[in-house]
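Down below is the structure, laid out as structure tokens.
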Amino acid sequence: MKIDYNEILQQITLDLKNIKYKGDVANYIPELKSVDPNKFGISLQFLNKRGYNSGDFNIKFSIQSVSKVFALAMAFEKLGNKIWHRVGVEPSGTSFNSLLQLEYENGIPRNPFINAGALVVCDILIDLLSEPKKDFLKFVQKLAGNIHIQYNKNVARSESEVGYRNASLAYLLKDFGNIKNPVDKVLDFYFHICSIEMTCEELSKSFLVFANHGINPHNKEKILSESKTKRLNALMQSCGFYDESGEFTFTVGLPGKSGVGGGIAAIFPGEFAISVWSPRLNKKGNSILGMKALELFTTISGKSVF
Amino acid sequence: MKIDYNEILQQITLDLKNIKYKGDVANYIPELKSVDPNKFGISLQFLNKRGYNSGDFNIKFSIQSVSKVFALAMAFEKLGNKIWHRVGVEPSGTSFNSLLQLEYENGIPRNPFINAGALVVCDILIDLLSEPKKDFLKFVQKLAGNIHIQYNKNVARSESEVGYRNASLAYLLKDFGNIKNPVDKVLDFYFHICSIEMTCEELSKSFLVFANHGINPHNKEKILSESKTKRLNALMQSCGFYDESGEFTFTVGLPGKSGVGGGIAAIFPGEFAISVWSPRLNKKGNSILGMKALELFTTISGKSVF
Amino acid sequence: MKIDYNEILQQITLDLKNIKYKGDVANYIPELKSVDPNKFGISLQFLNKRGYNSGDFNIKFSIQSVSKVFALAMAFEKLGNKIWHRVGVEPSGTSFNSLLQLEYENGIPRNPFINAGALVVCDILIDLLSEPKKDFLKFVQKLAGNIHIQYNKNVARSESEVGYRNASLAYLLKDFGNIKNPVDKVLDFYFHICSIEMTCEELSKSFLVFANHGINPHNKEKILSESKTKRLNALMQSCGFYDESGEFTFTVGLPGKSGVGGGIAAIFPGEFAISVWSPRLNKKGNSILGMKALELFTTISGKSVF
Amino acid sequence: MKIDYNEILQQITLDLKNIKYKGDVANYIPELKSVDPNKFGISLQFLNKRGYNSGDFNIKFSIQSVSKVFALAMAFEKLGNKIWHRVGVEPSGTSFNSLLQLEYENGIPRNPFINAGALVVCDILIDLLSEPKKDFLKFVQKLAGNIHIQYNKNVARSESEVGYRNASLAYLLKDFGNIKNPVDKVLDFYFHICSIEMTCEELSKSFLVFANHGINPHNKEKILSESKTKRLNALMQSCGFYDESGEFTFTVGLPGKSGVGGGIAAIFPGEFAISVWSPRLNKKGNSILGMKALELFTTISGKSVF
């Protein structure tokens, strides 16, 4: 039976418009508050070049933590398994543990997708790159096959002005010796990474590399070894949704990563990448409709890894 | 290229014999202390009936927590999604959180594979089954396609005599109202469930149902709906290895479940089930060689879900 | 200036009758639910034999955890400083830590006044006494100078029937090897100790020994050495009010101990013992009016140790 | 019987010289590393002007956290009970909880003597004082009756360069809105406060005000009301020794405060202040010989509040 992906995406878009939902736009970053909370976009891109889109798939949004996957890919490929001396591969359990665990576990963040872990990855990249911000952006542009991908400087600045929690984490990591560079420099790089803007379509295209065993489908360049790609996907599965990683695995069943901008990207190894964007977040910081849309998608299409 | 599974299993068995490893047999259950720590068995069973075995694949061992998957399958199918009101779907993070989380989260265990969660599942089954111990055993015999599967009464009794930690958990759950039946009855059922004995070959055959979208391959009976099977597999992926669930996902990339008897069972949806047994455990309570063997298997064969 | 203690107690009783307060009677012990929540009694007894009473000072109530002071006094005198190998002298911090700390600190309760610590003290007494329940009661009768002090068997039984939380703690301690006797026996002794009934006047008279450097004022018998008495008083100051020990020290400034029956006993070294009873409890399990009454008493009389 | 305090202090000094002890000088503040670890001084000052000294009582040392008592006294008198909306009065329990509790309890530090609480007190003082550093120093000089008390700028700078843990705490408090001023300003003030240097004799004289119901004995000025003084003393008793507050209460039985410079100050209400200095610290950050000396002092003299 042939699956009509176009119809599935249209149906999901229609269905979700009728859901009465609450949830607020991320409000701790001033620049993000002004986003229209009712936007909804979805984009499905196959390795075979076919693509399907629906809703506001063509509007730029702040990908925020989704960007941590790109940062990890870059650092993992460059540093290899030594990276796991400085950051773990386990889910963090409940959110209230984050600082406790960092203290208890001597400054080794549980995984590279919680903020503490991403700060360590940023610190690693600063040591590995000659011009961190420029080099990282170039890397993402290559994955996207699109040189128009940019940081949003206003969002980066806005976040840096109120990023007290991240500063607290970074100083704690510094105290444990797991940040080598000056804290200000690490935070600035981190806030830039999180400020990248993409459309759903661009995000899906950027994630195809992870569905493609580490080969950039746009230029056939090997970005990440097959084994490392498998492991990075596994990490998304285990740790990609903060304290809801189990929930996402349970209901959706694809490796993916969410961001507080309301975006989610996920992949099916060997076949496709899919992205959703809807700014209203649940209490765990994940897009309510984004998770719902992907649950519908894998349920209807049967395209889950399990 | 055709994969020679027979050769892979032989090679793994050979390779692991040369590894200098430490690790002790689970010693908190008196009956399990006497197991030969140097046993190693592996069994790979395909849905298409082909099977491959190596080492001590034909010796019975105590499957312990692996049995929690059978208990959950039975309770999930009977109770449906209401089960998630009493137990969660998130990994537990570090072990030292277990009691804290139970207290903090009002007696709702994080997932059905940690002891607290399995105790709740047992409590549920006691309410749903007319003769819990007998009915459960029959269910497992059907999944195994083998009426010779039995409890080991000595192991059950041995564990019940020193099971203070589980008694502590059960009374805490009772205090929160999340155990309905008398604690003694729940513990007795729990210790029986964990005392089931199987060989690697039997265990793999019992797990085929989870690779087969919930249809028992031995008698074609629908045990679990396709959607519930997918979710149960997702839970194994997220939560199957205590505090090493992330590690197992990262290095092996298959949904699976371990037990302190040294057994591990895992599945690849639509294709196969694989079991390993080696009694030496790491500090997290997982079989050292078992994890290593499965890592080698998915690396060589490329058979990971990611 | 001479202090008119009679007038102070009358004034406090009058003042507190006018306070609009909420707070409920301890409801987790069925037998205690039926207590009249509006009772209020206070009794001040000096070492020089003078005594002052007001309100319902002559009605028996369940002293509950106040009894832990007697149990500790008995065990401390008999076992000496070896007791501190099995229980600490530090306040427990917030309540949600209780189980976490027990796990983290290998089964050594933070102090003898939290439930876990009192269970260990009970276990110690069972080993030291030939007839624990009978011997302990006799000890308390001697401290009270009153052979009519008794256990309330209904309260003990009532608590034992629903004491799941204490059973959970006891099994956890057993798992760590810090309970030597069978859990059932320890719990039975513990519930009996907590079921002792006294009037405010009797309670104050029983506590005079701690104001008297360890000499029982009723028969001049040395119950506890001067140094041990000082330390026991210090422990009441640090740890006598669960998670409100700091608050009680801050507002009242006397060593004391509270119970969920609504009673509080406190002492001023070298001078007096004072007891209050009012069954309505705050969220921390301490008597609302009892704490208020003692704050008024030390503020008006200036009789604080600080 | 008249107590010969001179002999007691000499005896303590002699006895402690013979103790084989380990313990290291605080090494996280570079400037403090160079202190001679074998120094030992003690000074006992009575309200009636009599004073007794022994050992290195006349050598300046960094009083560090002892200074938090002065800061609290100043803020408490100026702000009154409103201060308790921003900081609690409960001991913190074990150290590993500090960040957890701050998170769990919404940025309200448990008490004003842990670092987080002292940072909040500093923030309060910055709002209340026109020239915080100058005004605070003047306040301490008045309490000491000595205009030569000074900050050690090198210690303040040294601590600020490596004070990552305190920066982490301050940013976390800022995130919760419990620090109003810029974090850098609060940290700078905090590090200055901690850098004050005194001799044992000067420290005892500065603490006499707390033994004197809040009246500065040097100029008869009312610094703190009688009731506030009682409460500040109670706080020292409950919370003055980090995670060893119970231990200090238990073994010494006087309200006091320790610092990582190896100093301890304590008072007996209505009678005296006593200070000890010995730089070797135990794992909890308290002076090993300092605690031992005060235990000997209260045991021999009988001068404990209990």
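Order of writing sets the labels: A, B, C and D. Residues in every chain begin at 1.
By definition in this document, contacts are C-beta pairs under 8 Å (C-beta built on N, C-alpha and C of every residue); 3 or more make two chains touch, one makes a residue touch a chain.
Computed from a predicted structure; not experimentally measured.
Where touching is counted per the definition, chain C and chain D have no chain in common. Note: the chain lying farthest from chain B is D, by mean C-alpha position. Inter-chain centre distance (chain B to chain C, centres taken as mean C-alpha positions): 47 Å.
Each chain gets a centre from the mean of its Cα atoms; for chain A and chain B, those two points are 32 Å apart. If each chain is reduced to the centroid of its CA atoms, chain B and chain D end up 55 Å from each other. Contact with two or more other chains is made by residues 96-97, 104 of chain C.
Contacts between chains close into a ring here, every chain touching precisely two others.
Residues 88-94, 96-97, 101, 104-105, 110-111, 227, 229-231, 233-235, 237-239, 243-247, 249-251, 253, 255, 269, 299, 304-306 of chain D are the ones touching chain C in the complex. Contact residues of chain C toward chain B in the complex are 96-100, 102-104, 164-165, 167-172, 174-175, 183.
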